Amino acid sequence: MDKLEDTQNEPDGRMIPIHRVGIRDLNHPIQFQDGEDEPQSTIARVGMSVALSPDVRGTHMSRFVTLLSEEAEAISVAGLPKVLDTMARRLESAAATLRLEFPFFITKEAPASKATGKMDYTVLLEGVQEDGETTIHLGVRVPVTTLCPCSRNISERGAHNQRGEVVLTIAGDEGLPSVQELIRLVEACASSELYSVLKRPDEKVVTEQAYDNPVFVEDLVRNVAMRMRDMPGIKGYRIEGENFESIHNHNAFAVVVGG
Amino acid sequence: MDKLEDTQNEPDGRMIPIHRVGIRDLNHPIQFQDGEDEPQSTIARVGMSVALSPDVRGTHMSRFVTLLSEEAEAISVAGLPKVLDTMARRLESAAATLRLEFPFFITKEAPASKATGKMDYTVLLEGVQEDGETTIHLGVRVPVTTLCPCSRNISERGAHNQRGEVVLTIAGDEGLPSVQELIRLVEACASSELYSVLKRPDEKVVTEQAYDNPVFVEDLVRNVAMRMRDMPGIKGYRIEGENFESIHNHNAFAVVVGG
Amino acid sequence: MDKLEDTQNEPDGRMIPIHRVGIRDLNHPIQFQDGEDEPQSTIARVGMSVALSPDVRGTHMSRFVTLLSEEAEAISVAGLPKVLDTMARRLESAAATLRLEFPFFITKEAPASKATGKMDYTVLLEGVQEDGETTIHLGVRVPVTTLCPCSRNISERGAHNQRGEVVLTIAGDEGLPSVQELIRLVEACASSELYSVLKRPDEKVVTEQAYDNPVFVEDLVRNVAMRMRDMPGIKGYRIEGENFESIHNHNAFAVVVGG
Amino acid sequence: MDKLEDTQNEPDGRMIPIHRVGIRDLNHPIQFQDGEDEPQSTIARVGMSVALSPDVRGTHMSRFVTLLSEEAEAISVAGLPKVLDTMARRLESAAATLRLEFPFFITKEAPASKATGKMDYTVLLEGVQEDGETTIHLGVRVPVTTLCPCSRNISERGAHNQRGEVVLTIAGDEGLPSVQELIRLVEACASSELYSVLKRPDEKVVTEQAYDNPVFVEDLVRNVAMRMRDMPGIKGYRIEGENFESIHNHNAFAVVVGG
């Protein structure tokens, strides 16, 4: 075919650097390997972007999708730096970001009946390469039960409780803890963890356990923060807790940042 | 200006009638009058559509938006039939549908402290004119507290509870009950209603009240159904309850249809 | 352990039948087999429900999740009736519904460069068993390009176009056409199909092809309807088209129902 | 009534400061005054939060809602610092954040027919008070048309175009430009602005105008950045552009940060 004009490669006279340019909201099947586990098949929502020099008009968007196709079968925290290297090189940029958000499943046993079921979480994985240095942000969104300490203390019977959610994000390099380790850590900080299958004897256990472990949203994020203080090899963390309040039509939230 | 070709008015040889064609996901400020109350300013998400004869290629979309602009200051259940008449006439169609979904606020007093705050609900209002007959569907989405009867009965202390939601939709003519009447009716069927402001003495009241009125999602919709049986002037109803379970990461739901 | 009270099995005096009760918004990994293809790993959003007799207080929610765990590795249109049988039997109900919504991927070649990439669609699969009879609803959500015939005809250069979407749902039994057949059928009815990877020569092809095949949202759904008329073995269909208009901040839509 | 235990005011031994704690996803009607205009009635999604000392267990959530009720009738950029003062004082905190996101409407005339209609935008208004200093972030989300320069240059006829969106956020004090000024500025940087009502002569104008003003998503954000350079009284800005590509099922985006 004839040579088609390359409009993206035109020089640009405005001389404005673009911090990031790329694609997002692209859905793609991936294989994600967590720590030493077998890879898990899942579907990621993907964003990929690079920096653009002030003197170039546009980037080449199709290269992102081609690169993703090549790498999607082997996504892991440890493998992220190499993917970012390739992205920066192919897109001819000094900076590159890859962001994936995907459901992650853990098969759990109910506490009394030992009935099993898959419980779903969300992983937020982002790698940023800038000026030759790579930082990885690994986040988990973990649903939990929270039972209100104030409601319990002032009421003669019962206590309001609800589904809550913690988003824990840590920053570091490819030696970060596993997704499962982070999820377990968060679940231990709430009034109770959640399950996909609970029979009656299990429901009794989780109800009483939640009543015995009341937490405000402030307690929830502080409990997680206590455990982050001792975690080696992380450059920083952000803990966000949210309660879908059962007595209000709005949510309560709290944020701790550290590291 | 010159006469521009009217592509929409071309004859269409495929001879396929179009059930509905129009616009949707249009945001527009409206004034909604509920019963005899003062009109309330709110923002509606609007859909408007008509039927299209098998022999015409397209409808004239801009007429919907112009009509909405004219009518938006005076939306009410009672006024819907006239708007539908105008829509059918201007779009030259035998059928017309107008659908509005919008937040609706009620100022409520907390049960003990009497502190006040605005509580938000959602109204779903749809009018359908077909072959000269008009039906109005009026729906309310009402957030509530539900406390699990099973969890309470089997546990030595506490009971899991959560935010739930009821969508009650009734069908009839312009003499339907008010939005506020429907909301109050639903709230009386749950373990507790919700509030935007609750001080400590109020929190004690709602916690104990919820504990004393446990409902499964099945109870919730049946309680509403009991009250719908006695309601005069409605052609049908649909009651959908949903619990955002505090012990699971999925929801429980139940549906009753009647009338 | 001691015998725990079975609150769900209590008799209910309100005598109100519940049309459907169950779970929804549960995320679960599945293997979906389309026609004779290899199964595809994906993540489904699942709803499962049964009818409940007027004289029973509640259903047993944990049984749904256990059943899903057992069946998730082998989901197909052909296998749905058996799953519904099992659900109705285990939940002791005369009616059962299973609904799955999940991303589905097809590897496509760009029209000129033949570069490949995975394109994502959404499948909506619902089976309903009622009084011994089973109906399957199979839907596909297909993104497309639509180019406005009116804009093209009245303008001296260019024509507004945009991303649109068709949701085609057909009803029938386990002999329904494959998901891929439905997607291909819909894509042939738009101004152009979409791709995940397009290089410059491809972009030229799809731009000119869209310009040469303008369709209103009305044309889009009628084009699909023409092809449904000839499709054997379906009991009914519903075609919904929507344009995310590039010149408005609202959408245009059209619906054809038939069969 | 008896004195109820104040669990929130308990001392906390974990000694972890909480960056922010409060409420969010609360819907509330507001009156928003833009510049010198008449106030506009709208519905905001509100977040309110404060910092919490390491030695206190919890904040008092109900005070946020009460404060919002008092202030909701008079929201403006200029009035934000006083609301933040009150929030910090009542919640006894050294830091306070108020965030509102709400639809904002401008009545626009179509370019040829002069037909009028209300066009909707989104305003993102956030005030942060920290250590006695207040910063205001004012953002507008503006939908636009973008037409691809590459597609136009390589194709013999037509050019793919689509709905896009710019989120422009500026930081400064209560002397920031008006919402309308920001919206007009953004709209002038795209291939065409959007309208709610367009008749055929208008559609011809916007189609040809878009064809004559092609912009990549990179051009879009750079065009806005050019105008931000000259804007007085702002401490910083962030420009995010996104195209809902008509030829792909994913989006292209670009970000410029400055100031």
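Letters A, B, C and D mark the chains as written, and numbering starts fresh at 1 in each.
Note that in this section a residue touches a chain if its C-beta (ideal position, glycine included) is under 8 Å from a C-beta of that chain, and two chains touch if they have at least 3 such contacts.
This one's a predicted model, so the numbers in the text were calculated from it and none came from an experiment.
Student: Specify the chain most distant from chain C by Cα centroid.
Tutor: Result for the farthest chain: D.
Student: How many angstrom lie between the centres of chain B and chain D, each centre taken as the mean Cα position?
Tutor: Distance between chain centres: 28 Å.
Student: List the centre-to-centre spacing of chain A and chain B in whole Å, with centres computed as mean CA coordinates.
Tutor: Each chain's C-alpha centroid was found; their separation is 35 Å.
Student: From the C-alpha centre of chain B to that of chain C, how far is it in Å?
Tutor: 25
Student: At which residue positions does chain D touch at least two other chains?
Tutor: Within chain D, the residues that touch at least two other chains are 4, 26-27, 65, 120, 150, 154, 196, 198, 200, 204, 249-250.
Student: Specify the contact topology among the chains shown, as one of line, ring, star, complete or other.
Tutor: Here the contact pattern is complete, since every chain touches every other one.
Student: Could you list, by residue number, the parts of chain D that touch chain C in their complex?
Tutor: 119-120, 143, 145, 147-148, 150-152, 154-163, 192, 194-196, 198, 200, 203-204, 206-208, 210-212, 244-250
Student: Spell out the residues on chain C that touch chain A in their complex, using ranges where they run on.
Tutor: 1, 4, 6, 26-29, 41-43, 62, 65-66, 69, 103, 105, 112, 115-118, 120, 196-201, 204
Student: How about chain D: which of its residues touch chain A in the complex?
Tutor: The touching residues are 4-5, 7-8, 12, 14, 16-27, 47, 49, 52, 57-59, 61, 65, 149-150, 153-154, 216-219, 221-223, 225-226, 242, 249-257.
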